[in-house]
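Two complexes are shown next, each including chain A; its partner changes from chain B in the first to chain C in the second.
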Partner chain A sequence: MGGRLVRRLLCSYTLCMRTREELGWAFLFLLPLLWTLVVAFGYAFIRAVYFSFTEYDLFKPPSWVGLKNFNHLLEDSRFLLALSHTLVFSAIVTSVQTILALLLAVVVNQKLRGITLFRAGYYVPSISSSVVVTLIFAWLVHRRGVANFLLTALQQYALYLLVFAGAVALLHLLQLLWERWRWKAPTRFFDPLLLLTSLLGAALVTIGLHQLGVLRPRAVPPMEIAWVSTERTFLGVPLPLWSIMALNIWTTIPTFMVIFLAGLQDVPKELYEAAELDGAGSWQKLWYVTVPALRPVLFLVITLGLIGTLQMFDQVAVLAGLAPLDSIITLAYYIYWNMFGGGGLPRVGMASAAALFLALLTLAVVLLQRRFGISEKGVL
Partner chain B sequence: MYRKWLILGLAGLLVLGLGTASSSQQPTSITLVGFSGDTPVVQALLTELQRIGKLPAGVNVVWQPEAVDMRQRVLNDLAAGGAALADIYYIDVFWAPEVAATGRLQSLNDFIARSTDLGPNLRDKWLEPLVDAFEFDGQIYAIAKDFNSLVIWYNKDAFRRAGVAFPSNTDTWFDFLQKAQAVNRAAPAGTAAINLNPDPVRFLPFAFANGMPFMLGLCAPFATEEAITAAEFFSIPNRFGFGKTSADVGAGWPGAAFTAEKGFIVNEGGWMLGPILNENPTLDFGAAFLPLTPDGKRANYLFTVGYGIPAGLPSARAQTAFQVVEALVSKEANLFVLERLAIPPRKELLADPKSPLANPQNPFQAGARVVFEATGQPGTRPFTFGAVGGPAYLDTLGAALTKIFNKEATVRAAMEEAALNLNKLLVDKGLVPRGVCPGT
Partner chain C sequence: MSSREKPVGVPFRSRIYLVSAAWVRRRRRTRLLLIYALLSALALVMIGPLLYAFLSSFREDALTWPPEFYPQKFRPHNWVGAWQLGRQGSGDGWLGGFSAGRTVRFTLVFRTASYAANNRAPEEAPTVMLLPPAAGMTTDPRPDIQASVALLEERSSIQERVYEVRLSHAGRLFHDRVRLAVRVPAGWQLAGATLWPALISPRVSETVLTWQDITPGVLGYLFENYLRVWTAYRGPGDKPLFARWVTNSFFLAALRVILTLALASLAGYALARLRFPGRNLLFLSSIFTMMVPGQVTMISNFLLLRDGLFGISRLFGTETLINTYAGVFLPGLVGISAVFLLKQFFESIPRELEEAARIDGASTFQIYARIVLPLSLPAFGALAILTFHGAWNELFWPLIVLRSQEMFTLPIGLMNLLQYYGAQAGTNWNLILAGAVMAAIPVLVVFLIFQRYFIEGIKLTGIRG
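After this line comes the complex of A and B, so read on.
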């Protein structure tokens, strides 16, 4: 009876399985996945939901405490801090990485000689070990790291840069005027050859002024900004969290770039041709053709970005030994910290409550985004 | 039908065979779980103990390295119990109290009392703080295998170059700072006399020596004058330019700066010996106790790991596990690990003619002896934080020291903020009612 019902359901919704044997084989092949889903996700989720209403430390039997853990979460200053960090992190990183990944995909979608090399090069950050990349990044942004070295150099050579920029502008203007006077016709402002000449000329002027002793590097103390081991904030967000955002954006963009690139292959060329006939420029084609055509892909990328950023853990965990905890803690790390890292016996109830909260928050943010932001079918 | 009976028969034979096999097995394998980094030493030690017949007859010790998180492993195994249990675990003093409080660790008092080597009183054989470290409510839950405490390591060439006397065990904070400043004046460009990070573990011995209590009643002690004065002293080198952090000189930790001769004074434990031997064996170095406060007080931290046995083992198996522990901490084992620059816990090694600690022949053995003696000084306390929890205590203090080192706050402001932050955490953890401590 049951088998007949299943067969009837399968027949009505998907392909029709004709024999009992076929059905058996199908379930047999599905079994490993179903087993993993049921044990690793279903069972664990149900246990976590149960534990979130209990006080449990792995050793004494769980005792039912109702909503106490959830009330405690809302009174816990570190949880509220982790929640605010997570929301800011998610909003900024998802927005920036989506925009940059789309732009990068459009760039590497050009038919140019050697573009495959660029595509592969841009993808490298995504295939590198997150832990290793984070450690290297920590050294780059150290007080005596490359970031501070470049900032110091920028201060030292600021006058050089100004002179160079001024010389470029002046030479370019002179050339444009010369060309216009010579050919009696307007010349393109960004003519590559003229621009190259201006750049070379400006470089020569700057080097010449340096050789004559007119320009000298400014004596400035080395910049020693602690980007990671500090509690200082910028726009209300701790500097170490900004550092992690920058790192996360850099490592995630290539993956999303590839997804966008796949989507771009399906955008009909006729749409661009029609837009060109209507006089659309590059930005107009991007905004009015590419973006609407990529809407389902955009929705996928934003959804994956939101889920990934709301559950940010690994890069925070690696930097946890270098930065003050309150400067980088996110919700996922708060859960880990309650379970394993906070000293004393594990607070399984609190960790489970926080985990449940994070799961519901993720679901809510994704649904809200879909409802009010970019959906696979909605209007931009 | 025939096939059905055949399958049933074979299954029956299989069950019978498995039952017979399991009943005939004897508990000869004793599992030891410890830090994966110890693998070469432990395997060499077990081979040596087997060779000299020190391990119990018929017992095979199986080493299980734990590469991720030893505390988590111990807690998980003890919580799971039964088949998940190994026979002997490394127990770190840092989290020993919480593990002992679970009631799932075996009290070793009876075993020690019956032991011909360790008994009847372990304090007669082991340095006192090493027993205190694992004793809770009169019950000893682990036997220290080796230990460390903090001492001042110094580069003799740097001191000679500056024409300054080497650090001594009687130096006060002021003597220490004066010598370091003199060393710094003669230091090559890009280096600094002291290599020191804003590390609360290196700071706390000075604060305790200066009279800061571990807790001020139920509240954080960081805003006390004793703590603030200690933080002033601790941060002077880095604030006034004769100290640098390890990353400032391109090193991963102060020990690496010391071995690379980019820093000439560091406040580290006996774990310095291995890196010096491996990376700069000709370095002319010495060691001295941490400097005394102006009124002649000193404190230190004891870092140690012991062997513990879970409470759930059958008594015969627990007895065998203890015999293995006895072998692992036997005098022969102590001498064996001492040769590999670990510092073992037997007091007698300081006077035993066979022991390099008694008559050091090289700076490595001399350094090990200084660490041994430093641990025995009054004021040495186990590196543990009770119910407050090490992470909470150290994180808040570390954030304050970082601010001080970065010159983002004055010493007083940073320490007062750290006190408020720890107080808030204590409330969040449910350890202190709201309103009892300042800032809550």
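After this line comes the complex of A and C, so read on.
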């Protein structure tokens, strides 16, 4: 009796009405989300686990086979190939794109006239759809494409580049000696004025040597590698996969550049000023100020990069028509291939088992990030 | 001037050096110059390939070695020629065509320098041949068109000959496209033409010049690849497929935007403001879903659609939801990241506004519709753009659900195009590129207009995972 009275007193009429009303609305508002979570996700997840223990070809009802699929998976050379491709792909792409995106973000994080135009321009590879970019890329690296032409030119003019680089270094050192010891000027190593004169001087030297006939382009046969449709390998990794790596790095850098840029704009300027007073150069500022200050963002970018590359599918799907399957297959595509592309009946059990494996990999990455990463600003 | 300026202290190796202001200024300016050079070089790497692809999408052959930066397609005298021939053929200088009763004349200038060396009969002249309207066809070489060649002028001093080709339409049908080949003795060089041929193929005994359309009109000439992709790639029922894919993509993306704005905002509002049991559980499980790859749920969801959602679809008269647009939407009805984005935004709206309305007796839905929604328009705008972008580019799920060509969205259609043209000898990359450019344009336009929202969205969804 007494308890009910107290509750009555605490819970004024309007408040109780309000919670009841709210409950109804909340349920209504959340109904579509619940549908997605419960049916399209929860039920689907449980079914995927169930299918991974069965043999199922979409026509006959599934039959329980225990751990057989997982055993098969570990014996399937194509799965192991897909797994190794995925791991190599993930490691290389994530590390390269993280470093390059950070450098790019540092470069565009300046207050210059027209810098937003450059930022927008750099961002274009990320907004185009993966299919569009993959098609364009496949055309670039075609056997008679621009990439091969440029590589041929690079071979032809390799000596020119060497001479140019050597001349830049030599001229720069000479100028530095002159400025620092002759004039006792406070000239930094990468003094812009000196750098410009070295570059121009080296260009003149190279052109002059060409005119004199000392330097001649080398005669090399045109490069004719069909980058996306060959079985050749480099360092044990198929060339088509290397191509997809290059493609993926190119299209992901801008996204991460934007995330880094957001982080960079939060780094207090005082840190840089202090470092400058201590005599830090550009690289030292990058390494001792920027990178530590960006640690949370760095972890986020690495995690996003790992997850994205582990689940990479689109590029492989587009190129699957051109490339030999074993040269480009990744985990995500292996799952799809088992379901829809196998030539023969779908192997739902194998696909499910491989999908669980992929989920496990992703989960491991997230857990590692939570263990070592610094969770800030609502980072997952 | 500079001598009157005060010297400036410059820190270097834990000492302060006094230098003239001009010394510092010169260095600052050069630094700026170098930075802009670096930025431009980076721009070349990042968007150079895309720009080059865009330019190549206009060309007759997108795989030339060495790469051509000023192909015949971009030379204004050919545009003039295309206009003139279009005018002659049908009176339409833009899109061209060949109407009945009309006559088309164009000139060709050949350099016959190696002609004497070849020791041929001097009366040997070019011959004109009409080709069937499409590359693979064998019938209909336009029988109602008569072609003739006449020598207009012989400039013996420079060994040049000027010919006029004359085509007259004696039939009654309108031809939107007239393909033509002119064969000349081997060794003759084309030195000038009203309209440069699409293809010059030198052979042992003769050289063949080919025009894909001799009365193209300016637009027909410049956008030849685009028009071909748009109209010539046909599916069952002889309907052009590309236009259909563009419509499908627009329709699906628009529907996706509307659905997301409506449903994700409701869910986001509930998660941000309403109290109900299991709120945290719902929140955590939503986060969990974002970590699980789409391939895991794909299998079950595909079966779900195949069986028509436990047979519910039979009530609406369809046995299965595979190859339907409902199937594209139903499993991922609400984007989880969209829900989070809006939840975060709603939490930033001051609660007092809603409390005040509550005291005035407004219901939860009224508060949502009258107070929260109007305040959230900027967030809705950003989300709409992000969602459009995502839906327009999405490949994985539509690829699984949509099966027949006329149901495809653009990304799947492009893959289809690649399979079709890529299987043929490598000369059709121009068409594939034209298709890719057309698929990229809507998103690029949206990006150019709403650039800021894109960047904000990346930050939000990026930070949110």
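Going forward, the second predicted complex is superposed on the first by the 279 of 380 C-alpha atoms of A that agree within 3 Å, B and C clash if a C-alpha of one lies under 4 Å from a C-alpha of the other, contacts with A are read in each partner's own complex, and residues count from 1 in each chain.
Here is the rule we go by: contacts are C-beta pairs under 8 Å (C-beta built on N, C-alpha and C of every residue); 3 or more make two chains touch, one makes a residue touch a chain.
Everything numeric here is computed off the predicted structure, so don't read it as measured data.
Visitor: Using the superposition on chain A described above, determine whether A:H142 touches chain B (first), chain C (second), both, or neither.
Guide: It touches chain B and chain C both.
Visitor: Examine A:R78 and indicate which partner it touches, taking first as chain B and second as chain C; both and neither are also allowed.
Guide: Only chain B; A:R78 stays clear of chain C.
Visitor: Which partner does A:A262 contact after superposing on A: first (chain B), second (chain C), both, neither?
Guide: second
Visitor: As a test of reading the superposition: which chain, chain B or chain C, is in touch with more residues of chain A?
Guide: C
Visitor: Which partner chains sit in contact with A:F51 here, chain B, chain C, both or neither? Use first/second/both/neither.
Guide: Only chain C; A:F51 stays clear of chain B.
Visitor: With both complexes overlaid on chain A, does A:V132 touch chain B (first), chain C (second), both or neither?
Guide: second
Visitor: After the superposition on A, what does A:F340 contact: first (chain B), second (chain C), both or neither?
Guide: In the superposition, A:F340 touches chain B and chain C alike.
Visitor: If we overlay the two complexes on their shared chain A, which of chain B and chain C does A:L325 touch? Say first, second, both or neither.
Guide: first
Visitor: Residue by residue on chain A, keep only those touching chain B in one complex and chain C in the other, then list them.
Guide: Looking at chain A, the two contact sets intersect at 58, 139, 142-144, 340.
Visitor: How about chain B: which of its residues touch chain A in the complex?
Guide: Those residues of chain B that touch chain A are 69, 71-72, 75-76, 78-79, 95, 98, 101-104, 198, 245, 247-248, 250, 385, 387-393, 395, 398-399, 402-403, 406, 408, 421, 424-425, 428-430.
Visitor: Show which residues of chain C lie in contact with chain A when the two form their complex.
Guide: 10-15, 17, 19, 23, 26-27, 30-36, 38-39, 42-43, 46-47, 49-50, 52-53, 56, 62-63, 65-67, 263-264, 266-267, 269-271, 274-276, 282, 285-287, 289-304, 306, 330-334, 336, 339, 344, 358, 363-365, 368, 389, 392-393, 395-396, 399-400, 410-411, 414-415, 418-419, 422, 426, 429, 432-433, 435-436, 439-440, 443-444, 447-448, 451, 454-455, 458-459, 462-465
Visitor: For chain A, which residues count as touching chain C in their complex?
Guide: For this pair, the touching residues of chain A are 18-19, 21-23, 25-30, 32-33, 35-37, 39-45, 47-48, 51, 58, 104, 107-108, 110, 112, 115, 118, 120-125, 127-133, 135-140, 142-146, 149, 185-188, 191-193, 195-196, 222, 250, 253-255, 258-259, 262, 276-277, 279, 300, 303-304, 307, 310-311, 313-314, 317-318, 321-322, 332, 335-336, 339-340, 348, 351-352, 355-356, 358-359, 362-363, 366, 377-380.
Visitor: Spell out the part of chain A that touches chain B in their complex, as residue ranges.
Guide: Answer in residue numbers: 58-59, 72, 75-78, 139, 142-144, 224, 226, 229-232, 324-327, 337, 340-346.
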